[in-house]
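Shared chain: chain A. Partners: chain B in the first complex, chain C in the second.
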Partner chain A sequence: MSQIQSQPQLRRPAKSLPRRIENAVLSVLTLAAALVWIFPLYWTLVTSIRSDENVAGNTSLLPDEFRLQAYVDAILNTRLLTWYFNSVGTAVIVTVLVLFISVLCAYALSQIRFPGGGLLYGVVLASFMVPAQTLVVTQFILMKDLNLINTWAGIILPQLIAPVVIIVYKQFFDSVPKEMREAVVLDGGGEFTILFRVFLPLNWGITTALAIVTFIGVWNAFFWPFLVVTSENMMTIPVGITQVNDAFGVAYARLMAVAMLAALPVIIAYIIFQRRVTEAIMISSGVKG
Partner chain B sequence: MAMIENRRKKSLVALAMVTPFIVTFTIFFLYPMLKMIQLSFTDAPLIGSGQWIGFDNYTKLLSDRLFTISLKNNAYFVALTVIPTTAIALLIALGISRLSGARQTLVMALFFMPYVLPVSVVTEIWAWMLDLQFGILQPLIALISGKPVAVFKNPYWVMPSVAVVTIWWTNGFNVLLFLAGLRNVPAELYEAASLDGATTWQKFSRITWPLLWPVTALVLTLQLILQLKIFDQIYLLSGGGPFNSSYVLLLKVYREAFQSNNGGYASAVATVVFLLIVIISVLQFQLLRIRRNR
Partner chain C sequence: MGVRLSSVAKSFGSFRAIEDVSMEIPTGSFAVFVGPSGCGKSTLLRMIAGLEEASGGQIAIDERDVTAVEPADRQVAMVFQNYALYPHLTVFENMAFSLRLARRPKDEVNARVGAAARILQLEEHLQKKPSQMSGGQRQRVAIGRAIVRQPKVFLFDEPLSNLDAELRVQMRLELTRLHRQLGATMIYVTHDQVEAMTLADHIFVMKNGHLQQAGPPLVLYDDPDNRFVAGFIGSPAMNFLAARITARAGSRVTLSVEGSDHPFEAEMADASAIGSAVEIGIRPEHLRIGSAPGLAVTVDVAEELGDVSYLYTRTASGKELVVQRQGSRDRLDGTLVHLSADPKHVLVFNGEGRRLR
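The block that comes next holds the complex of A and B.
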């Protein structure tokens, strides 16, 4: 080790021919695997732009038709637009509230010494390990008691607990230099000023990353919305599209159009924010920080 | 005096800041958790109150065949997914790490894309891919078993098929963790090894694998916990059938609570799953901490 470090200017050895071949072969294999991996999504797209009569038994892998009829049918004959509305609404509200609750809590835990702070952080860390899925029975009973079945509030409230967001924020706040804080204190600014004028702007990158990952997570949530909503008008996209199956029977072009429409928002969000998503996942699982 | 005053004021501000979390946490997490444990000692229906019956629900569990089946199926599913997905993700990450620039970003995106899809989209797609009559993958299935199979209605095929769907869906996450781990391996080590004439296999087994082990352990444990909580894919693809061959613990919780109206008994099952996962998580946490301290 020490030998290597003492010679940082080591010249990269010219690659030999066998090594170059090995590299090329492995690259091609990786690319081929990626194409196999994405194939189900590609096949969904191809199926969705065919007509229903042309779908059954058609094994041609290339698109041989470009019709948007299945999409039109899907939008006109299902409550897809209502489900979009519910999904966007609940996902935005959960994301904003989770970030707000977490940023306040993380700031206090990171920057202020107060009685019970250590205990609270212990609780946050512990709740990270608790499987929320096992609490659905009593969460459902609670929502029933509060008369929140089939409401947005019912979908939203239990999804507000996100200890990992607090943990990540706290890590980032811990590493903000002390001087930044003291400058504001000298100007007579309070803790809220420090948080919203200094700490939040400084950590804007991680905030957007966490927001996107939280949004995708809530958008995709299935188990809880499926339990707390029974009325079709209150369903979110992932729950709603399971109803379509029954309505359409085996009209696969339309089913795949519905799947594409349900997947599109998250696919677009991922393509736009790819770097942020990647970063947030690496940070929140602790492999990079 | 001013110091103490200041201190107190600071504590109050801190309290105000943590209150939103404490309130939501107490009402929607802590209370349901305690309520679950309490209910598990009663014969309450889902809605309404019941009698205290001590450990009856738990003794009933021991002789409940469906509970034993679920437990076994959960273990089977873990075996089908955890190590395979970790191995596949490692291979893919090794491949991706050899690519560079835009090509690497593109290939990573292709592998990661399924992970951002809602579970019901994933199950719709695979129901179509594996459709008995027109599924594009049926020729492959026929190659293995000699004839097309309705995989989600077949007791032997159902769990492996759900495992394939699950790996396809969630593998991108693991690839990402491995890529992050690979980036942390210093390039000088490989260069030095190359100078010494090391083969690709030697570089992998002597440098990559040992240095990557913490990430591998993380992926394995995260997967173990995740796959123990399997519900969505099973519910949507097979509903626990055929002949209970894909019945799992959370499905048991769901059926007891929401279809058989046994709030107390469902809570007992949920408490067992809860404890199982918490114990594994704590063990994992200790394990990772010991390694970090060494």
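The block that comes next holds the complex of A and C.
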């Protein structure tokens, strides 16, 4: 086999002046957009390290104080650690269950011929068109009838509906050449061998990406946990933040400190998995778009 | 018998991909299914593997009816055209996959993979991933994965068609050696009749889901049953001319060719009526060039290959005939020559394309 490797271009051709101006303008615009995006985060941070007395009416853009009192208060005087525990627990469980259920569903839809398979996939696609909000009332009544209000199960179960994950996995499995499956069959492997020892390892990137997107989605979920949980002990962080407000009057510094702590795992996850997150968002929005 | 098919059929919905195919493949032979694209060769192979369910008939391997047996339990191994290696596993793990699934002891796995790697000269590559290997090496890994399973029957579906021409010739030789070394039954699918001729000891020619003829390569070459086999086997292909039976003397018939006053003669016991329209077939190497009498043709193009040359000629009515010439090198481009053939090399086919013997 003669494989001709093309040399990477070592020197870029010099860019023309209009081209450079265009690039500069684009850079400035991108930077401006980034600033707009990051400002709330910055403002949250700045506010959270002020003292409560200093917050009201303070319009100074620069940090004029550095106090961690709000953080200490948040941790000591709110149920933040409990909410953290609830958030981590429910988010991990939802992520694991969503991936597991969806991967099995997608595999069956993609690889196994069975009566009603096409119809079932139609149902998955259709459920993808239904906005989650329209289901909320029914789901709430269901959870109430099942006595799951104020429980993890109540938070978790409705969030397991994840047609996007099924669709992404199905498209992935559809794209695997059928000989791959047949090779495993001839080697003596069954469906679970095909799925877990060959198909998924073919591209762990997809699973990682879907896990990140699902986890962030559940971590940030507010509406449903807010409805299904009334007891402070069962709240997740986004719901808990509303309690900081209620319990302390308007305590902006503390509120912002809780918000910072709430965002922390997502920020860390983003920094660690930066590339994967971008990929993940592209994969799942590719389906949506 | 290594593999026996009895009246095997396969339909996809209303489309009949394989119709009533029966064949016997002796143990230890190298069988090749050959035919144009879409004739059902792969389907037939996949039915032997168990990857497609037969719509009718029986399949037996080593005299055991496997028609309803799971693919993994048929003791067959398959090498796919696109290799279908597991890209996330190393070469060693690829070859060991089936043994590990069967929970064979570690020593045995190492020994069997090691032996296969030695045969295929893959020993230095065992820790590589398929993506780090060339096409030819990947092909070897795919074959290695089959060898490790020690199957009764090896199935190959166009395994060389993704390789470049030079490597294909080399791998062809290696497959022949491998077959000799392992002594296992091998079934090989290709659309390339040269591959079929060079590899096979038994060729099965297929067309439109039907088995056309089965036999050793040279038997198919010298003594085809029908016009399709005659035209498919051999390169350049056999020449065909429309003709009419005009006289018979014992087993010798005289065949007049349209637009030519020179008749051909053929040996034929078949009692077809005088005057019936037939087609005659003559291989390029059996056409002799001479001066009159003979079939007058003009030489269009002469391809000189050194040892042989191919003359592309045309009759007065525009019919193209290819002539193979050996030894002589004088230029004949544009000249008028006369062609004749030994009666024993003139084959006769009736209107349906069946050979008249």
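Convention: the second predicted complex is superposed on the first by the 258 of 289 C-alpha atoms of A that agree within 3 Å, B and C clash if a C-alpha of one lies under 4 Å from a C-alpha of the other, contacts with A are read in each partner's own complex, and residues count from 1 in each chain.
Note that a contact is a pair of C-beta atoms (placed from the backbone, for glycine too) under 8 Å apart; a residue touches a chain by one contact, two chains touch by 3 or more.
These numbers were taken from a predicted model, which means no experiment stands behind them.
Taking chain A as the reference, the larger set of touched residues comes from B, when chain B and chain C are compared.
Using the contact criterion defined above for the overlaid structures, shared-chain residue A:179 touches chain C, although it does not reach chain B.
In the superposed model, A:142 makes contact with chain B only, not with chain C.
In the overlay built on the shared chain, the residue A:96 is in contact with neither chain B nor chain C.
Legend: residue contacts after superposition of the two complexes on their common chain; A:108 is shown touching chain B, with no touch to chain C. When the shared chain is aligned, chain C comes close enough to touch A:193, but chain B does not. When both complexes are overlaid on chain A, the residue A:44 reaches chain B alone and has no touch with chain C. The touching residues of chain A, when paired with chain C in their complex, are 1-3, 177, 179-180, 182-189, 193, 198, 201-202.
Across the complex, chain A is touched by residues 10-11, 13-15, 17-18, 20-22, 24-25, 27-29, 31-33, 35-36, 39, 46-47, 92, 95-96, 98-99, 105, 107-114, 116-121, 124-126, 128-129, 131, 133-134, 136, 168, 173, 176-177, 180-181, 184, 188-189, 191-192, 194-195, 200, 215, 218, 222, 225, 229, 231-232, 236, 250, 253-254, 257-258, 263, 266-267, 270-271, 273-274, 277-278, 281-282, 285 of chain B. Taken together, the chain C residues at the contact with chain A in this complex read 49, 51, 71-72, 76-78, 80-82, 84-88, 97-98, 101-102, 134-136, 145, 149, 163-164, 167.
By the touch criterion given at the top, residues 4-5, 8, 10, 12-13, 22-23, 26-27, 29-31, 33-35, 37-38, 40-41, 43-44, 47, 55-59, 100-102, 104-105, 107-109, 112-115, 117, 120, 123-124, 127, 129-142, 144, 157-158, 160-161, 166, 190-192, 216, 219-220, 222-223, 227, 237-239, 241-242, 245, 250, 252, 255-256, 258-259, 262-263, 266-267, 269-271, 274, 277-278, 281-282, 285-288 of chain A touch chain B in their complex.
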